[in-house]
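Paired with chain B in one complex and with chain C in the other, chain A is shared by the two complexes that follow.
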Partner chain A sequence: MRVWSLLKFYTVLVYTFMFAPIMVVLVLAFNSSQFGGFPIEGFSLRWFYALAENDAIIRALRTSVMLGLLTALIATTLGILASVALVRYQFRGKQWITTFLISPVLVPETVLAVGLLIFMRWLHMPRSFALLLIGHSIIALPFVVLVVQARLIGIRKDYEEAARSLGASPLQTFFQITLPLLLPAVFAGALFAFTISFDNITATIFWRPAGMETVPTQIFGMLRNSVSPEINALGFVMICITVGVPLLAGGLARYFSRKKI
Partner chain B sequence: MARVQLVDLRKTFGAVQAVSRANVVFEEGSFTTLLGPSGCGKTTILRMVSGLETPTSGDILIGDKRINDVPIHKRNLGLVFQNYALFPHRTIGENIAFGLKYRDVPKEDVARKIKESLDIVRLPGVEDRYPSQLSGGQQQRIALARAIVIEPDVLLLDEPLSALDANLREDMRVELKAIQDRIGVTSIFVTHDQSEALAMSDKIIVMSAGQVEQIGTPEEVYNRPASAFVARFLGASNLLDAQVVGRDKNHVVLETPEFGKTAVPLSHAATLGQAERAKLMIRAEKLTLGPKGNSGAEAVVETVDYQGQLARYFLRVGDTQMQAMNMIDEKPFLAGETVSLSLNPNACSALPEDKQE
Partner chain C sequence: MSDQSLPADRRPWILLSPALVFITLLVVIPMAFILVYSFYENIDLAVDVPAFQFGNWEELLTDSYYHTAIWKTLRLSFIVTVLAAVLGYIPAYVIAMTRYRHKWLLLLLLILPFWISFIIRTLSWIHIFGNQGALNGLMNLLGLGDLPIQIMYTEFTVIVGFIHVFLPYMILNIYVSLEGIDTNLEPAARTLGATPWQAFREVTLPLSLPGLAAGSLLVFVLTGGSYVTPLILGGPSDFLFGNLVYDAVVTELNWPMGATLSFTLLFILGSVVVIYSRFMGMNQLAKAFG
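This part shows the complex of A and B:
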């Protein structure tokens, strides 16, 4: 009995340790004090207003959202194509290509970042939004491939063969049968890609062109001066986006699947 | 509707010969079964006809047209799978209408055709349901409706009954055959179940290890098997080592240690050729037990498998194990009893020995 209560206590401690910093940010975002720390002087939304009026932050947010959406679009499209090739077709060097596609997860991000930078230098291409987009897509691609591949393996080939026998061309079969059946995984993959891009800081610092900031690099820049209470408010917004978007999506997916059956 | 012809059709997977030189004609409007154990190449043949697999060599003709290079979606075939393969994200109506979309069927005809096909498979009014809301048997009917609504030249059935439970399977088999009779489409049916094959087929093609062993009506393959493999695969049979001791105009005389000389009609020895050694084949139900002292070989009953109106006896004649299936007259013979065993020579076959032996 005592062992169990000890275990419970310990578990609570571990979770507290993990979530306390996040809770601190969430709570302090509403602190009316001039300084971004304890003690709490009163409840206020002033830092959120300050945030909304800060052009640099709004610009960074816009960049991040745009980057995240485009990354999701590119990584998901490439990920679907790669998964279909890897699961449905036999060709030489398949194992190598799988490893190659997954490798961005395994390589330290700094190494990947420097590598891509050197490569672009060699091509005489300056750092740009496009470079950032390519880089983020590379980082997000493995997650999309893993999720979509897992789902595709579970979809029996019979469906596609039945569609083909009924007169659908390979392309029609893909859009009428395979893609709709893959949709939950495609959706999950796109969300992954978006949040990965939205959160990324290490590689972004290497790749962003001069003068361009994403939300994480903006926060990082602001921290160099002081822990401004605005950062807490911005942290609150980021947590809401990265946690809220998948939750909302999951809820919507459940709602639609229930409606259908 | 059309006749299907395989000419020297061959398929290898790496070093494995999946189908070797199949020459088969599926007559127009007939129901032909490809029968054999798993891995015998029957499914590979079906997949080659459907276009899901490319032949290594040889030709496939539908009607008079060689279709080797016609892609699957232009072959106009109906395909029914073991696992139904109904599109789970579409309603029954949409599933059935799927093939019509690619055939320029006017909109007002689509609804009518869906309704007609549902009537044929006797499941009217389920258009708006989803496949997951139907039972296995119902789903297989829908799969059949989806395959026949496009009026295919050939209907290909890949073990369509195997996923159903036993009672349903027998009902479905009667119904499937009735539907095929009614619409008269050339059908190729793949199964490993001998009773399905015997009950449904106009013609059975027995296959083993990529080879066609025998082509014939159900009655022919059952009563006059061409090889020891066919005899063993269909029904319960006894195969005894025999010596060919004589031939005349109408008979081949085989001698076995168990039954002495047996004169087998030539029509039951078609594949024997001039071999000197042979297998004497007797169906279990053609071997009759009698009380000790009657004419015939003396045998000891080892096990009795009582089945109500029938009993299946496992016997020993000398050193040879045999089995017999007899109607029970009053009461069955008992284990340990010595009986006399007689056979009707006209119900025996003389078969060549297995190639591998």
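This part shows the complex of A and C:
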């Protein structure tokens, strides 16, 4: 049992390694000092006010949210259709198709970014928001397929067959049976796609048109000399959004599913 | 799955076609374009002409600057992978084996980093190792040595940053394979006279290797393809091959060279994936998402 305690202690250390630096950002966001680092001089919300008045950051935030939502729409639509095909139908070459759908994950993002950019250049299309959108969608698509597929396998087909045998039309069956059962998978996929887009920097730096910033590239641009206190405050806000929303969604889903039973 | 298994059923293909077209158009064709462009000739900033010449490839093969970058990238990716495996195996084992009531919390904490911005997680290390960071602050409080000591912007901080960001992939993959092991196996080995260490080494460890391999592949490939982390946490000499791609395309606007370097990066990391899939297949990689 002594060994087991040591292993547990080691695990605690690794978790500390994973979370301590993030905690530091969260704490420093409230530091009143005009520098981004230590020492902590006092509690203050001034950097949050400064953040709210920073037009560049607000603009970047707006771009990122828009991009994330549209990416989620595209990637989830394509991903759900493909996943339904993979889970619900038997056909030849399925294994091959699955690998093909996942394959963009295995292409280094840098290469993916340069490839698409060169292709656009050949087509004489300049960098644009649309390029960012289709690019982010292609990065998110394999993850959406993986997540949605995993959820779909759990949904039994009997319900649809029962509805059909009770006289529902295929369309009725889809909207009244299949779609409600699919919804959790749709949400999981969309959330994942949004997060991937919202967080992306590697490919975004290549694809964004001059003058357009997303939140990560904006932070990257501000970072050249040192970490400004505004970045800490921004980090705090971003972590609250990206961690808070899924946790809330998951919590609510659990709450409601428990209530039904 | 019975009534719709007619071989001529076109419905799955209709459902699949948008995604297949999307990937073909935006991934497969662009990859071909990279190869074609690598033979083009760069004339001036952002000006290149279609050609079929080997100038870019010759430069890549003869200039030792590029060879150093390849070596650095493979070396750093290897170090990060090994350290992530060493750091990650024990927590994965503990989470898989624990009877702790709130195991879900440990798993949730493992997934949490995926939701936290990559760039925030990366720059957070500046607060730890920087001149105004926690470490220097702590040593200042204790009255130690000549301050501030310069830890930031070295290969060390780049490695720490990479491990920090990619460790959850490693732990998750190992955890998934450990979780799939029949819980009776280790006790069975014990009844047959194995010591706890023997039981682990000869039963559990071999059975968890697929997860360890999948996690290692992910960490290796993700590290090898990066360029942002060295830009944020590294010094001028801490560049990876991805940084050369970034410099060629974004800074120098030398598209043909950027294409040549991209294709090389794809080839190197692709070979690693191919070698892996030869031995392990691709199924394990998908499991971590279930």
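Worth a mention:
Throughout what follows, the second predicted complex is superposed on the first by the 240 of 261 C-alpha atoms of A that agree within 3 Å, B and C clash if a C-alpha of one lies under 4 Å from a C-alpha of the other, contacts with A are read in each partner's own complex, and residues count from 1 in each chain.
One rule holds for everything that comes next: a residue touches a chain if its C-beta (ideal position, glycine included) is under 8 Å from a C-beta of that chain, and two chains touch if they have at least 3 such contacts.
Since we're looking at a predicted model, the values are computed, not measured.
Of the two partner chains placed around the shared chain by superposition, chain C is the only one that A:146 touches, whereas chain B remains out of contact.
Once the two structures are superposed, chain B and chain C can be ranked by residues of chain A touched, with C on top. Within the superposed three-chain model, A:112 lies in touch with chain C and out of touch with chain B [touch as defined at top]. In the superposed model, A:138 makes contact with chain C only, not with chain B. Contact with neither chain B nor chain C is seen for A:61 once the two complexes are overlaid on the shared chain. When the two complexes are overlaid on their common chain A, residue A:51 makes contact with neither chain B nor chain C.
With both structures placed on the common chain, the touch criterion links A:165 to chain B but leaves chain C unconnected. In the superposed model, A:190 makes contact with neither chain B nor chain C. Within the complex formed with chain B, the residues of chain A that make contact are 156, 158-159, 161-170, 172, 176-177, 180-181, 260-261. Across the complex, chain A is touched by residues 50-52, 71-79, 81, 83, 85-89, 98-99, 101-103, 130, 132-133, 143, 146-147, 150, 156 of chain B. Of all residues in chain A, those touching chain C in their complex are 3, 7-8, 10-11, 14-15, 17-22, 24-25, 28, 35-39, 77-79, 81-82, 84-86, 88-92, 97, 99-104, 106-112, 114-119, 121-122, 134-135, 137-138, 141, 143, 145-147, 150, 157, 195, 198-199, 201-202, 205-206, 215-216, 219-220, 223, 226-227, 231, 235, 238-239, 242-243, 246. By the touch criterion given at the top, residues 1, 4-5, 7, 9, 11-13, 15-16, 18-20, 22-23, 26-27, 29-31, 33-34, 37, 87-88, 90-91, 93-95, 98, 106, 109, 112-121, 123-128, 130-134, 136-137, 164, 167-168, 171, 196, 221, 224-228, 231-232, 242, 245-246, 249-250, 255, 258-259, 262-263, 265-266, 269-270, 273, 282, 285-286, 289-290 of chain C touch chain A in their complex.
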